[in-house]
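The structure follows.
First chain written, first letter: the chains are A, B, C and D, and each begins at residue 1.
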Amino acid sequence: MIKAAVVGGTGYTGVELLRLLAAHPDVELDVITSRSEAGRPLAELFPNLRGCLDLAFSAPDVGQLLACDLVFFATPNGTAMTMVPQLVEAGVRVIDLAADFRLVRADEWEAWYGIPHACPEYLEQAVYGLTEVNREALRTARLVANPGCYPTAVQLGFLPLLEQQRVDTEHLVADAKSGVSGAGRKPATGTLLCEASENFKAYAVPGHRHLPEIRQGLEAAAGKPVGLTFVPHLTPMIRGIHATLYAQLHDPEQDLQALYETRYRDQPFVDVLPAGSHPETRSVRGANHCRIAVHRPQQGNVVVVLAVIDNLVKGAAGQAVQNMNVMFGLDERAGLAGIALLP
Amino acid sequence: MIKAAVVGGTGYTGVELLRLLAAHPDVELDVITSRSEAGRPLAELFPNLRGCLDLAFSAPDVGQLLACDLVFFATPNGTAMTMVPQLVEAGVRVIDLAADFRLVRADEWEAWYGIPHACPEYLEQAVYGLTEVNREALRTARLVANPGCYPTAVQLGFLPLLEQQRVDTEHLVADAKSGVSGAGRKPATGTLLCEASENFKAYAVPGHRHLPEIRQGLEAAAGKPVGLTFVPHLTPMIRGIHATLYAQLHDPEQDLQALYETRYRDQPFVDVLPAGSHPETRSVRGANHCRIAVHRPQQGNVVVVLAVIDNLVKGAAGQAVQNMNVMFGLDERAGLAGIALLP
Amino acid sequence: MIKAAVVGGTGYTGVELLRLLAAHPDVELDVITSRSEAGRPLAELFPNLRGCLDLAFSAPDVGQLLACDLVFFATPNGTAMTMVPQLVEAGVRVIDLAADFRLVRADEWEAWYGIPHACPEYLEQAVYGLTEVNREALRTARLVANPGCYPTAVQLGFLPLLEQQRVDTEHLVADAKSGVSGAGRKPATGTLLCEASENFKAYAVPGHRHLPEIRQGLEAAAGKPVGLTFVPHLTPMIRGIHATLYAQLHDPEQDLQALYETRYRDQPFVDVLPAGSHPETRSVRGANHCRIAVHRPQQGNVVVVLAVIDNLVKGAAGQAVQNMNVMFGLDERAGLAGIALLP
Amino acid sequence: MIKAAVVGGTGYTGVELLRLLAAHPDVELDVITSRSEAGRPLAELFPNLRGCLDLAFSAPDVGQLLACDLVFFATPNGTAMTMVPQLVEAGVRVIDLAADFRLVRADEWEAWYGIPHACPEYLEQAVYGLTEVNREALRTARLVANPGCYPTAVQLGFLPLLEQQRVDTEHLVADAKSGVSGAGRKPATGTLLCEASENFKAYAVPGHRHLPEIRQGLEAAAGKPVGLTFVPHLTPMIRGIHATLYAQLHDPEQDLQALYETRYRDQPFVDVLPAGSHPETRSVRGANHCRIAVHRPQQGNVVVVLAVIDNLVKGAAGQAVQNMNVMFGLDERAGLAGIALLP
């Protein structure tokens, strides 16, 4: 049994991680910390956990964390980096679901997140936890930077094209749509039901923090700089991301369906749909799959890739569990067999 | 392993049953019939099942059904009754998720369902599958009438009061609210998103088919006739039933909280919330629990009971699996450990 | 032209009032105050007003208000009462959309609202603005207490039965369901889209502030004390209230349809639907109507009344405009001809 | 007064047209035809119209239509073209809200719509009713092809760039998201609340009927062929279209904000938002405005245009009324002053 702790379990990423870990056959979850909710039973915040995970939040206590095999950080950006060195040095493995270790370059991180990085020397040793790219490195990783939700969908959608040099990398477009849970559980006017339901809008068009993360991953796949326009949108539903990706093909005659099927043949959580399909976000609601379809409309030279994930599962907590499974030598699918809830 | 078949798996009750059975450790599901969709892979209708249950619908074939231990009917009302005698006589056990065997009296059934009953002699031998009431009879049942969604929530909410003679049985009110999946997957104007979202309405106030079913159960619990007003409403969400129940107490000083906790202490799927609680439908989304709270507003002589279920789980497919577990001597919770999806 | 001001226009009641007043042919709206948003254009908060009402919020300034014919308060409870005496003494008429003047008895008000009342001597002279009850008194009112949203729907639904002594007043039940906009625009966890959509729950069952307000109105209609159980619920939509009302008839044989049609024959904003109808909240979305249907299920002795309003219109801003029209001798329907938005 | 008729008023475009015409000061609406609903009061289908437009549907009768000044067709594609010649020859003006006259070339129309065109000789004389492009021609038009919903948003968004030759016309991308009402009121599985809510998906990526219509308009603006990739998506809400448009700038240094403001300065229903804005679909819910923002992310050479409309208003019925106003010499804004409903 993996002895695990969750730091900061009061947000949506946290509750989803708790849901998955509570049902995981190889995990013993003893500690869930929250400074603000210390002493309060989980089920008061998250009534779905009542009877399933009868723990209370506790105040953060480094001693407790040091006694664990693995610590998940489901905290706001900027928290994990203050505790990671102590844990990692002591041999505790860490998966950070926030953004602290996602960018390789400290200056870029600081420019986008607006604060100094507390331990920039860890940025290089952190393994970026897009399992389908870094599985081998994850097996021995001490510190894993779990990818953002948009970056997961956009990278999985673009990777085959970039790795195989099939498209013009100067003019990539990622038009992404997210459910509202991506904005978190903190009270804010913009995510009230009365503001966000029956409404659709783009946001952060001038620049979103996931842009450098996506670009970094795409450039690694392409082996060269890429020109990417990334526009996120808020769509009136709770869960789900739909990425619609556009690129210009070098050779329109290539077999894109085969390209995708080959790339993802051995990936248990990436599902390439039959040619002509349109994946729906609900087909992965609560599940760890990414479902992808690839199109070449009107037999032209533009490829359109459609990729859907549940932003809280493959885009956050599920991928964290998937990474944990790899790190600890378990079946990659352990604890992740849940079927999407439909309708 | 229980060799099971599902007849008519193209509706929402069907897909939910398939989701649960696919993950059940003791069930081997070989046959899913649908006259209209014969030959079509399940995943085309239900993309959540892709990669999880790679079967196709088949045309109904009695021979195949007779080879099973158990047949679930997830068909429209009036279908199961045409096949049940043949199956039951051959020793195949049956759980009907439709209404064919829910009422004891054939004349009443025919009055509410508007067609002659094909095998009225089976009405008395059918066991009404409200597990919390009929667990013992279910162990040996050959034919189980799985309760309706509203009847499950309303009966579980009222039972302790009626069984213990605590309220005036002449003036019971059940004000029930259902998500739209209760209306099924058949195309209809009234359940289009553009008609049913951002809208709330009562329906069938003059008389709903679940009224006689509820009344039958309440009268059995009370041991005498009851006067019940039942008003169902359509609420703009996919899953969930919330029953708000009103009755007049004989003795306002009694301890209602204890009454409920005692009644449901040993019921794995009924959760009595702490005094003062307000259960939310999302706390059981995708899960088989019924969560209940009991109130006496303003310390008066009216008791208000709040009961929530997922209409497709405890109100349909989950309760069917729970009944199957009892019928076949399994742990009642087998295959039903899924935690509700929140948010 | 009526020279009008709105104090506190940053909530949903405020923006709806602005929408209605901007289109009203007899109103000149010069002043909209907000301490927190002073200087900010309305359209930044409420993009629907862009190009339609090009004003900015201003800091509250008594001098400006004293120059008006009418001041609307769309402020939180407890604000209007600090300014009303000065305005009313100076001859400015006031409509308070909050609760400060809705209860006649100061001790009851203070018990439910938890603060001392700043000007209890105004409670008796305030006219309760349920137009269909107090139209005559409104014509000359100096201070109008605009009713709450639930109280409007519940009172309009019960009035004919109580005024004509048709039901047992000891056992009234009002099961009411509201869209989320009733909870206001202030950020709060419970009204986030991810908490309130795909969810249904009761709240405040032990006691809601609208209970004494409703009871006061029902007792005035009945001419005696009433026993009322009032349970509010949150339903996952933006606008709309549906009240489902239950009472026991003295004489089941009476013609309830005629009773309602007669009572509301001359009320331009109360629409009694044909017998057998089920009103939908969307049929009044954005409109000032209350639509009502009356049922006697199963020809029994229980009457069920269904009443729907838009909580922000007839339940708040629209009724305020209706009252203004009456106060200033205008056509009661002026500025309120908008047709509900469907779908 | 314009004597007007609506043919086929049973869909969402129809009810929205009725809502607008009922409130229009210069229109007398006498005839609303529906073969299937003949004799039925409008308010039975559309309860929002109860008390506002007390007419019944009538069976189509050419004599009645010939007595009108103007006939609106709110029928499925392929209906108007069978009646238009007779009406137009008799001097009755026609606005077709369906697609029958939107494409100039008959062969292209037949390829996309799959049936022979009944009166191809009318395709050239029909005026395409994008008011902001063809206002002058509309004044004397006998037959108006009211634009599709996606084409309205996409063309208004792209026009300034194309008319002024500012972008590479070979690589235009239009990623468009629509509320479900765009799919109509006909019962269908895919638009049930339980299928379309809490879900997001692209559809018709291989080719949507609005593609040739958009391309035709963009090519007219650009004066040359364009390469357009158009991907429509279904978003879980009732009303609204959000078009996100991408193009590569010839000269990144140009002042795009001024370009858009200049182009639309005199257009009463196109609102160019301040630089840096993100328009929301709810800001035009029920209103005839198109709101547009223009961005150049990361100061690069890609322009991103965001354009929102209400698909049933500016995307259908509202634009039809706007066109009627132009055709009959009225104020273009007559009957279209309604403010968007928010929240």
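Heads up, the rule we're going with is that a contact is a pair of C-beta atoms (placed from the backbone, for glycine too) under 8 Å apart; a residue touches a chain by one contact, two chains touch by 3 or more.
None of these values were measured; they are calculated from a predicted model.
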item: Between the pairs B-C and A-B, the one where more C-beta pairs touch; value: B-C
item: Centroid comparison with subunit A (C-alpha atoms), farthest chain; value: C
item: Whole-Å separation of chain centres (CA-atom averages), subunit A against subunit B; value: 37
item: Rounded Å distance, subunit A centre to subunit C centre (Cα mean); value: 45
item: Between subunit C and subunit B, distance of the C-alpha-averaged centres to the nearest whole Å; value: 39
item: Subunit D, residues touching no fewer than two other chains; value: 12, 181, 185, 194-195, 197-198, 236-239, 279-280, 282, 285, 343
item: Interfacial residue positions of subunit A with respect to subunit C in the complex; value: 12, 180-181, 185, 187-189, 191-198, 236-238
item: Residues of subunit D defined as touching subunit C within the complex; value: 12, 15, 19, 22-23, 46-53, 181, 185, 198, 238-239, 271, 279-280, 282-287, 289, 291, 337-343
item: Complex contacts: residues of subunit A adjacent to subunit D; value: 171, 173, 175, 177, 179, 194-195, 197-203, 205-207, 211, 227, 229-231, 233, 235-240, 242, 244, 246, 248, 276, 278-282, 285, 295, 297-298, 300, 302, 304, 306, 308, 343
